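Common to both upcoming complexes is chain A, partnered first by chain B, then by chain C.
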Partner chain A sequence: MVEISQIQAEARKIFDTYDVQYILGYSNESFGIQPVPFFAKKKPDVNHLIFSPFCVNNLTMYLKNYEGNEKIGIVVKGCDSRSLIQLIIEKRIPRENLVIIGISCGGVIDQKKFQTKFPDVIGSVDVVEKDDLFIFTIAGKKHQVSKKEVLLEKCIHCEYPTPLLYDVLLGEKKQPFKSESYSDVKQIEAKSLQEKWNFWEKQFSRCIRCYACRNICPVCFCKECSAEQLNPQWLRRSVTISENTVWHLTRALHVAGRCTGCGECERVCPMSIPLMLLNKKMLKEVKDLFEYTPGISVDAKPLLAAYKPDDPEDCII
Partner chain B sequence: MKSYTIKKDKVSDFISHLIKKNIVWGPVKQDDTIIYKQINTPQEITLDFLKVKIPPKTIVFPQTETLVRFHKEKDVTTETPSPEKKDAIIFGVRPCDAKSFLLFDAVFKGDCEDPFYCSKRATTILIGLTCINPPMNCFCSSVGGNPDDPSGLDILLTDMTDSYYMEIITERGEHLLKDFIGRTEATQQDTKKRDTICTQAKKSIKRQVSVERIDSILDAIFDSPYWETIAQRCIGCGICTFLCPTCHCFDIQDESSQNKGARVRIWDSCMFSEYSCHASGYNPRATQMNRVRNRIYHKFNYLLKNNQVLGCVGCGRCIDECPVHIDIVEIIKNARGVKQ
Partner chain C sequence: MTERFEPSILAFLCNWCSYAGADLAGTSRMQYPTNVKIIRVMCSGRVNPSFVLNAMQSGIDGVIIGGCHPGECHYNQGNYLTRRRITLLKLLLEYVGIDPRRVQMTWVSASEGGKFAEVMKKVTEEIRKLGPIQQIKRSNEW
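What follows is the complex of A and B.
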């Protein structure tokens, strides 16, 4: 487990060694238990940096609109590092402009699950990881909880707990927790067309089109999103099942082969739409059809920009 | 006005009684989300909830509303959707959300009457439910509310474990009870019990913030770098505004295909860059800082000056749901300490 002093020491070193514009990390707010994204702009700001299994946000989304040439420091977990790799290979930010603090991650806590288990906790919560357990200290009292009970769903199936890209790694390298079996996707695949539609109709009809899924997504970085274009208007502003369906399917296809499965869209959806089912379906398709996994190597080419002379499909040439 | 008690096992009868003559909306559990839905049977309603995800504004000010339909054959014909004839009852409204209707009234019935809002509002009856267990981010008592505030409501129910205490607040509320026999007049003891529960509820609110002179405090720090430090982590989504019971901005668009279409109005959000963008491409609120600052000023400065009401009822939804945990209570609290 990563100590706060370690992360602050590394951040100080970064300010001493490089001329960084800021270091993107996490800090605590004065109220509540949820750490927030934090921009350390000067060396003294480093004192606010923290890390704990409550640090869920994927901070790489703040780099998707990166412009200029200044160096940025950033704290990444295993999953976040994959988004970062994807941003690098899609030329959103050059590798050499990044100073990366990697955190070997034991999984992060789902706020909803935590609050169901411990309602109305408002003071600070101390958390220690011990094998398959979290030990929470809430108001001086210790509670042992099996990790599985409170981890985000994506963490339970995490294949990359250790970042794939970093300048400095904090914590011991970790083995994958479990390989992704896509069992949830397979369950939907097994349904009839009508059953599938019944399922998705119910989900999409709840959508309020707040676009939090798009805005939180590291790889949703179009300067002008099709949802906003007026001439031609691809998507009506009316919030109806038809337009909502178009929106979610458009986004799923647009991030196919680019989505690394960080799960931020599903986490932030205020209407609890299971968006990761769509994204995981695309990840599975991309893997089956092209033997491609996004966000694994900075030397890879973006899936839809890559070409192999020995491609087995004759229609390519 | 009178007060009654109604046994919990009679609540279904009461709802059935209401359904007979009115359209009834109530909190319905859909997967993990509680939303207001039009109901046909009392069993669909759940009263075991803390907060309804989308505030009841959605019933008088729907996210998508058709203003006029048009159709072209030889000539162009138009058709305005006719207003619903029956009264609509919203069952299970929290006092904070009910209060937001008063703010809506100030805006939509103000200088210029909005016929679409006014026709629905005139036929909407609100049956409230005291917030006996205010969730974590609630702060209604800091912004002039209370867990049992009757403002805007027609009837207020308070959960007393085996029964509800039923306060009739308006004549319309009284009228609803006509021919309904499953109630008894409240005794002094009932009233005492209700008061204890409500005092306890108010005490259990975890968050407090002073809004005293907040308009002038904000006036002095409009150009402060404070707003940039708050906004830098904002992702610019519409959650805080769409789920806000008082946010009421909208866009109007003509949506047509071939020879027919409709003019619709749709919720808009000042958090979107498109919101303030001019046709020329110029955007007076060019950055997210401008937008976040506008949200706070609209609620705690502009509405106070223009309509003499606070634009926040303290429901805490924007705090609960923000993907990056931007916290309006902390923003207002810390604004006091910002150097002018």
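What follows is the complex of A and C.
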């Protein structure tokens, strides 16, 4: 577990050594359980920086529209570091303009799961990590909860708890929890075509097309999105099953080979559409067919801008 | 008497190979189904999956993408790139419950007029059996 004082000390060091515009981190200064993203612009701001297993947000999202030539400091967990690598691969931000504080993460807490367990909590909660347990201090009382019960789904299958790219690493290097088995994807794959459509029709018809999934996604950074383009208009505004399905297919294909599975889209979806099922399917196929995992190495080429002459050709007649 | 279902099929053909192959099929007086409507693109790599999805929304029952044989692309790599893309598109369509046979890809060179006619016949028959597209066809005007 990472101490808050460690983060603050590192952030101060960064302000001393580099000319950074700001350091992106988390702070607890809001109402509610969840810490909020925080931009430390001056050295005294550093006192607000924290890290706890409640820090869910993927902060690399704020770098996707990066312009200019300023240095930026950022706090990343293992999963966020993969998004960051993907942004570097796609030349959104040069590596030399980043100062990265990596945090060896033991999993973050799903707010929905936490609130079903402790419905009365409204303020911020003290939490200590101990092996496979979280110890919450709520109103002076200690509660021991097994990690599995409150962790986000992605953390239970996390393969990279230690950041893959960092300048300073806080905490000890961790072993992955459990490797990804894609059991939920396989469950859907086993269904018949009609059953699959029945399932997805139910999901997609709930979509209100708020585009929160797109706005939060670190790799969705097109200046003009095809969803809003008017000439040609690929996608009409009406919220019908046809347009909704095509929106979700377009999104899934657009991030195929770029999505690192950080799960932010599903977390922010107001209608709780299981978007990660689509993303994970793409991750799985990309791994099986092209032996490619997005966001692992800064030297990799983007999947769909590269090819191998002996790529699988089963779909060709 | 039941009327036979006539599918509408859209073919994106690359200018340098498949379109010339279609031309050869025509000039050699080879017969192929009239269900197939052709859009010429400069390279099969031009075909964005959005084109395919948009066609299906507009009521196209099947889409064929024709490119040069691997290694013969006029632009060196266009057909390799589209191969990856369409592979993923087909897998995704199958995953959400739309028959992946509605999207087909084929390599036809400029000298293969016969192959072009054969492929068009085969695909038309296959789509005819699948019936009209229902899942993502637009039902309203706006």
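Please note the rule applied: the second predicted complex is superposed on the first by the 305 of 317 C-alpha atoms of A that agree within 3 Å, B and C clash if a C-alpha of one lies under 4 Å from a C-alpha of the other, contacts with A are read in each partner's own complex, and residues count from 1 in each chain.
The rule is simple: contacts are C-beta pairs under 8 Å (C-beta built on N, C-alpha and C of every residue); 3 or more make two chains touch, one makes a residue touch a chain.
Values in this document were obtained by computation on a predicted structure and should not be read as measured data.
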item	value
Partner chain(s) touched by A:F31 [first = chain B, second = chain C, both, neither]	first
Which of chain B and chain C A:W197 touches, first, second, both or neither	second
Residues of chain A touched, compared between chain B and chain C (which is higher)	C
Which of chain B and chain C A:A9 touches, first, second, both or neither	neither
Contacts of A:I156 with chain B and chain C, given as first, second, both or neither	neither
Touched partner set for A:V298, first chain B, second chain C, both or neither	neither
Contacts of A:M271 with chain B and chain C, given as first, second, both or neither	first
Partner chain(s) touched by A:S238 [first = chain B, second = chain C, both, neither]	both
Which superposed partner A:C222 touches (first chain B, second chain C, both, neither)	neither
First (chain B), second (chain C), both or neither touched by A:N57	first
Contact residues of chain A, present in both the chain B and the chain C interface	236, 238, 240
Residues of chain A that touch chain C when the two form their complex	188-189, 193-201, 226, 234, 236, 238, 240-243, 245-246, 249-250, 252-253, 256-257, 278, 281-282, 285-286, 289-290, 303-305, 307-309, 311-317
List of chain A residues in touch with chain B within their complex	29-32, 34, 36-39, 57, 61-62, 115, 120, 122, 202, 206, 208-212, 214-216, 228, 236-240, 264, 267-268, 270-272
Of all residues in chain B, those that touch chain A in their complex	30-33, 35, 53-54, 63-64, 135-137, 206-207, 232-233, 235-239, 242-243, 251, 253, 255, 264, 266-267, 269, 272, 274, 321, 323-325, 327, 329-330
Residues of chain C that touch chain A when the two form their complex	49-50, 53-54, 57, 70-71, 77, 80-81, 83-100, 104-107, 119, 122-123, 135-140, 142
